[in-house]
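Note that the chains take the letters A, B, C, D, E and F in the order they are written out, and that residue 1 is the start of every chain.
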Amino acid sequence: MLLHILNRSPATSEVFRQALAAMGPDDRLLLIEDGVQGAVGALFGRFSGLEGRLYAQEEDLVARGLAPLCAPSVVRVDVEGFVTLTEEAQKTVSWF
Amino acid sequence: MMRYAILLMGAPYSSQAAHSALRFARAVAARGHRLEGVFFYHDGVHNAARLAAPPQDEPHLVDGWAALAADHGVPLQVCIAAALRRGLLDEREAARHGKQGHSVEPPFELTGLGQLVDLGLRCDRLVTFGP
Amino acid sequence: MANAKGQGFEGDLLVVLRHGPHGTSWLREGLDAALVAAAFGRRVTLLFMGEGVTALVPGQKSGPLGQKGTSPTLEMLEMYDIDTLLVEAEALAWLGLRAEELMLSATAVEATELSMLASTHSLVLTF
Amino acid sequence: MANAKGQGFEGDLLVVLRHGPHGTSWLREGLDAALVAAAFGRRVTLLFMGEGVTALVPGQKSGPLGQKGTSPTLEMLEMYDIDTLLVEAEALAWLGLRAEELMLSATAVEATELSMLASTHSLVLTF
Amino acid sequence: MLLHILNRSPATSEVFRQALAAMGPDDRLLLIEDGVQGAVGALFGRFSGLEGRLYAQEEDLVARGLAPLCAPSVVRVDVEGFVTLTEEAQKTVSWF
Amino acid sequence: MMRYAILLMGAPYSSQAAHSALRFARAVAARGHRLEGVFFYHDGVHNAARLAAPPQDEPHLVDGWAALAADHGVPLQVCIAAALRRGLLDEREAARHGKQGHSVEPPFELTGLGQLVDLGLRCDRLVTFGP
């Protein structure tokens, strides 16, 4: 199981498609920085099928005022949770 | 306890990558892991700019990295080729290129890309922060 | 106040803000340009486009390392007489917010109205 | 030679190249990392993804200011024993080229095969 | 008539949609740098409806080996032609 | 003859923006127009990095801008706020911030954002090159 990390918003960048294409069936996806926009509103639809494997960095949601808008099925993790995710994955792959 | 390395490819201020990487680095150390190095590549080399003078009410990332190195003995390795192109030289490289003054100093060290490959394959985890 | 027909949007400078807070310095540097122009007595219109609409999400906070973000700057716009704030309606829609829920009073602009904005300002800067 | 089933792709380092020549320094800096790893005796797989496929378009030239571009570096890959070159089939399709038309011998990889690549290498670097 | 300038590839970036949305019915679009990928293959389809108003920087096509693949209806201009386009337009707007 | 200005927001080497802007600037001057200024903002301020040492077989953009200024008397104006954050200081700013050494020197001049607004509204054309 790998951890993929995405920091770009699906509103502007098609990079999320590369992350999705490279993900195995058990891999996890963590949204950080502007990537957390993907946990909100209609953009969340880009990640359908990842229920239980889609994470978002809590601090980035909070700083942007997006925490109240975050889709309920997204698992919110703080930076300690980010470290835990990297421990649990065999390796990490970043998409930016 | 695992061995971690960080690859940072975003400049401070222009992107959040450096903020994220510094926070992650501190969390890795706090968790008891060993952070074997931070490698600065692409625009990430600007994190070593000793002349950076950010506004007083904003985090000073260059100092933040130096504090991480002091607190946890983390090597701060800057790709020399990426740095030279971008105007980041230590005293030795400045002399070699006939430039007066320098823009990089310890604890940041200019080094080759081989260090990145070494870090990546030697550590249990390499985490990349891009711009 | 700008209306939905495009009248009232004429001005010296259109600043197009296409990035959100915290992730990059684009929003901050775009706002700085707008503030300076306004301080020099120029009429400034702000257009929040694409990701830029997230600049107006209410309840923004400092970043975990103490990064201020841009909401304090946005709150100063009125002092600089920058009161024509436009937001791309389509971007608001994907965010799932209505214009009234934003942190500042802003007018939603439909796609069909966007194209006249650039021509009704002397200068357009995109950030 | 890598085959279409994913066997033979195992190796030390997967370098994912997602940018074309000339526009940014990503391709050059990614290739530099690959060359250094290979010079240190590591097995390297290159995956050209998205815009990255344009790195392999034949007939590239220097830029008008004398920028070398990356095709001279690509021509050195064989000397460094980097011979596993993969290209995303979907990206080739939008470019309108077939794998045989590229400047170097490369294997097209379908979307369904992409996902196994990251797990069969010790380290993945994206550029 | 305005000149819009786009330097990002539609393969990765959605910025081309912002340029198209901001264009008036007589405005022109010039593709430069990685933007010239939009003059090639399937990506060219993103700019349907701009016939006669879609330009591409010749030097950028040539450096990338893309000149032979450029769609025939795209008007190719060198840097002098770029200057002429800016002369003819009332102002320019850049999308990046 | 028209009055032109250029706004450059991309760093050299990391993006092609600086190459495009320099070529365009030369073409504008060759065509007989008056280029009233090049304004460097965002990561474009790195074009003023006097310590940049690119490979010998690559164009040296910092020198390229200086040559443009010498040949056509074009002011090279660098946003001071964007520059300070990114480690680009002239001698005066270095002294003011207690930094030894400097990274910007003439013909590049540190100036305020007001100059950009002035250029943009005073000239017939402003052309922006982003990263």
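Here is the rule we go by: contacts are C-beta pairs under 8 Å (C-beta built on N, C-alpha and C of every residue); 3 or more make two chains touch, one makes a residue touch a chain.
Only a predicted model underlies this, so the values are computations on that prediction, with no experimental measurement involved.
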| item | value |
| --- | --- |
| Chain at maximum distance from chain A, centres defined as averaged CA atoms | F |
| Taking each chain's C-alpha mean as its centre, the one farthest from chain C | D |
| Copies chain E and chain A - interface residue numbers shared by over half, same or different | same |
| By count of C-beta pairs in contact, the leading pair of chains | B-F |
| Chain centre separation (chain A, chain C; CA means) in Å | 27 |
| Mean-CA-position distance for chain E and chain A (Å) | 33 |
| Multi-chain contact residues (two or more partners), chain A | 7, 11-12, 14-15, 33-34, 59, 79, 91, 93-96 |
| Per-residue overlap in chain C, given as positions that touch at least 2 other chains | 18, 22-25, 50, 63-64, 67, 122-123, 126 |
| Residue list for chain B, restricted to those that touch at least two other chains | 13-14, 16, 23, 42, 58, 126, 128, 130-131 |
| Set of all touching chain pairs, with the criterion as stated earlier | A-B, A-C, A-D, A-E, B-C, B-D, B-F, C-E, C-F, D-E, D-F, E-F |
| Contact set on chain D toward chain F in their complex | 22-25, 63-68 |
| List of chain A residues in touch with chain E within their complex | 11-15 |
| Footprint of chain D on chain A - complex, ascending | 2, 14-15, 18, 21-25, 27, 90-91, 93-96 |
| Chain C to chain A touching residues, read off their complex | 18-24, 50-51, 54, 57-64, 67, 69, 91, 93-97, 103 |
| Interface residues, chain B side, partner chain A - complex | 2, 4, 9-10, 16-17, 20, 23-24, 27-28, 30-31, 33, 125-131 |
